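Okay, got some structures for you below.
Two complexes, one shared chain (subunit A), two partners (subunit B, subunit C).
Right after this comes the complex of A and B.
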């Protein structure tokens, strides 16, 4: 399957690279525009774009505020140990054609929040910058905490610009060791009606959300966007039974259910292969799934599984295939 | 007041019921809202507690003490509201306007048949001490209204409409 046939890209947009900016820490910002310079569909803060990267497609957060955009700006951290999406993005040059989805919203602000607390870790700054810009554009109140590695403070200048103009509180700190103290001060004494948004590495977000819960923040005030860089453990082996054919597929430890099904000749529509996009969802008829995705709702988890990351609690999982 | 239809007309209802107190478990502070002098004992965690009183006068509600407490409310606070339905839900609506969420509000209703009816025709609010399906005279336009099972959380009131609006003439 080539990226162009992926559902999200089929109804997508043909764009060209309009600008490229190299930033410290292996981060590259890319502006994508319509070939004729037409206005692009607007988007909600925190939205992402699925971009065709050769044979694959990756999701990248947009950094703009989303109002009448002339271009879509995104920033990509080069990850040489990844599956090649970021490396592809780092080869693009101005004028290159790119196929992308329309903006998709999965990390939207709560419009009537009294205060938006925005907490970014590393490259997770991209949707946080979008939130900060949108808050400024719509006259909402925000406070920003940005934790980054020494010398890798991409977009800190942009955050400073927004914070200065809009009068937002901005705390930036270097290194993960600074997080606990910065968080402790940042989470307390916030007015009723505040909402918290965090994006960053899995462990970072766990820490942020855990501290917030401990400070009495209820789940409905907590919003997070994963970008699936976490290494999942290989898991225990199990057998998938395909209910319609009776076929049995073994899923060894370290092999995903999706890979095992593909190995058995099944073409499952899929895209991100990291539990984020929702493309590969399958219906479960029996056995208890071990959910490891960031896509399905609690209700959906009763009867569905994302085979790209999720496994089985039992030794056997029955799928509606 | 007369009864038009039995309260069994609950089939198409969003009328509130079955409230609980579970929101208090994760409190870092609690605001206890006592409505219409209700003294029922409620169990709150060992955290700082603020007490406010809210009182209904006819269909109007005096929310001043609650509003003052909401000015200073910080994330981590939970609310415990206890008392008759019309005052409890008016207090909840005020908390939600200030940014509070349902997951932060614990409710104990001591009297369900203490409602407010919102007139669909003149928007006046009329107190009703009785079940939905009751017919009352609107305090504003005098129209005879039937109290529907249609409840508005933001108005903390049941929709009332002209009792014979659909009768052939």
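Right after this comes the complex of A and C.
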């Protein structure tokens, strides 16, 4: 299957690379525009685009605030150990054609929050910058914490501009070692009705959310976005049983359930392949799913699974297929 | 007769069968739907010969009862989103009388039907008379409700609703979508409303869907809100034995559009009400029999909720006698 046949891209947009900016730390910012300069659909802060990268499609967060965008701007960290999407994005040149989805929202701000606490780790700064810009545009209050590797402070200048104009608190610090102390001061003494948004590597977000819970933050005030961060761990192998045919499909470590089913000749509708869009949802009849998506509600988790990212706690998972 | 026929050719006839039950009857917006009288649904916003009259009525209702409009401070982004979406839509549907252009964040709106030309600055509430939502309500016949999404729920946090069919914008403001639909019979047991809720929560930016709903009202009255009940409630009794029932009793069809606004992420409900008297509807081949059968068969709890119990069998008798004159 090539990326062009993914539903998100089929109903998507033909764009061209309008600008490329190389940043320190192997990060590259790309602006995508309509070929004839036509208007682009607006989007919600924290949205992402699914971009066709050769044989694959990858999701990238947009950095703009989403009002009348003249281009879609995204920033990609080159990751040679990844699936190849980031390497593809780093070969693009101005004028190249790109197929992308329409902007999709899965990390939206809560409009009535008293304060938006925005916490970025590394390349996770991209949706955080979008949130900061939208908060500034609508006169919402925000405070920003940005933890980055030494010499890799992409978009710090943009955050500084937004913070200065809007009067937002901005804390930037270098290196993961600085996180505990920065967090300790950042999470406490916030007004009731504050919401926290974090994006960064998986371990980073776990740390942020863990500290927030320990500081008494209720679950429904915590929001996280896994894009732009580390790959999910490969997981343990298991076997999927297809209840209607009795067929058994092995799912090795490092291969997703969705990929394994496709390998067995099953066409499962899918879009983002990152546990966000909900398109590939399957009904579970037996076995305990290991949920790693950000789509299903708690109720739904009892009887459904997103095979693009989720796996199985047990050695066997029975699907209604 | 010519004006009736012209209106009926855009009438969103809601019955596809001789029986009616609630369902999650959503379909993509902008799909043209053919009827025995014509075609409807090819655009989201519809301007018809009632434009000036209905907007004057809305202005009168709002000045005597400001609770029909409501908004919360956090809905500013949604209000501007709704304004830009609807004015763009109007300009695209009615280019001969309307235009909407933008330079940066400077907006320019021309509505020749109202002799109106104005400019506004996006995000600056003071740049539009009454602010973006109140102004939008002077440009479209549709009622507008804006739902904010948070805590995995949808909250009715802003709107201008002057033509409510037996509900109250003032009362429902600040409530959750599932609470608002609490009184509707059957839809909970049948999980219709839970499914609709999930569907709405998952709509992506720019997604636009529609559904129809229907009830009946006396004398073509648009404002049958809870607030004005003392004015229209008694008509429902009085019409039963009135020989003019076929002229006084109107089928009321709502076309509801559900749109995920792109920037704010709010859901915009647009509710447009179409009213036609039974006598006019009966002119269209097949409609008298179809409406008559639906009214006769409708279960009692649904008829009660729609408030049509007192007169529905009388209406069905008249319609079916028109459909099958030989049976009289």
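Quick notes on this one:
Keep this in mind: the second predicted complex is superposed on the first by the 282 of 321 C-alpha atoms of A that agree within 3 Å, B and C clash if a C-alpha of one lies under 4 Å from a C-alpha of the other, contacts with A are read in each partner's own complex, and residues count from 1 in each chain.
FYI, a contact is a pair of C-beta atoms (placed from the backbone, for glycine too) under 8 Å apart; a residue touches a chain by one contact, two chains touch by 3 or more.
Given the structure is predicted, the values throughout are model-derived calculations rather than measurements.
Looking at the shared chain after the overlay, A:198 reaches neither subunit B nor subunit C.
In the superposition on chain A, contact of A:114 is made with subunit B only, not with subunit C. Contacts of A:220 after superposition: both subunit B and subunit C are touched.
Contact with neither subunit B nor subunit C is seen for A:256 once the two complexes are overlaid on the shared chain.
Once the two complexes are laid over each other on the shared chain, residue contacts for A:71 go to neither subunit B nor subunit C. Of the two partner chains, subunit C is the only one touched by A:42; subunit B is not.
Shared-chain residue A:61: touches no atom of subunit B or subunit C.
Taken together, the two complexes place residues 112, 220 of subunit A in contact with subunit B and also with subunit C. In the complex of the two chains, the subunit B residues touching subunit A come out as 23, 26-29, 70, 73-78, 98-101, 103-104. Against subunit B, the residues of subunit A that register as touching in their complex are 112-114, 188-194, 213, 215-221.
Of all residues in subunit C, those touching subunit A in their complex are 72, 74-78, 81, 102, 104-105, 122-123, 148-152, 157, 202, 204-206, 262-266. Contacts from subunit A toward subunit C in the complex involve residues 41-44, 47, 66-68, 102-105, 108-112, 137-138, 220, 278, 297.
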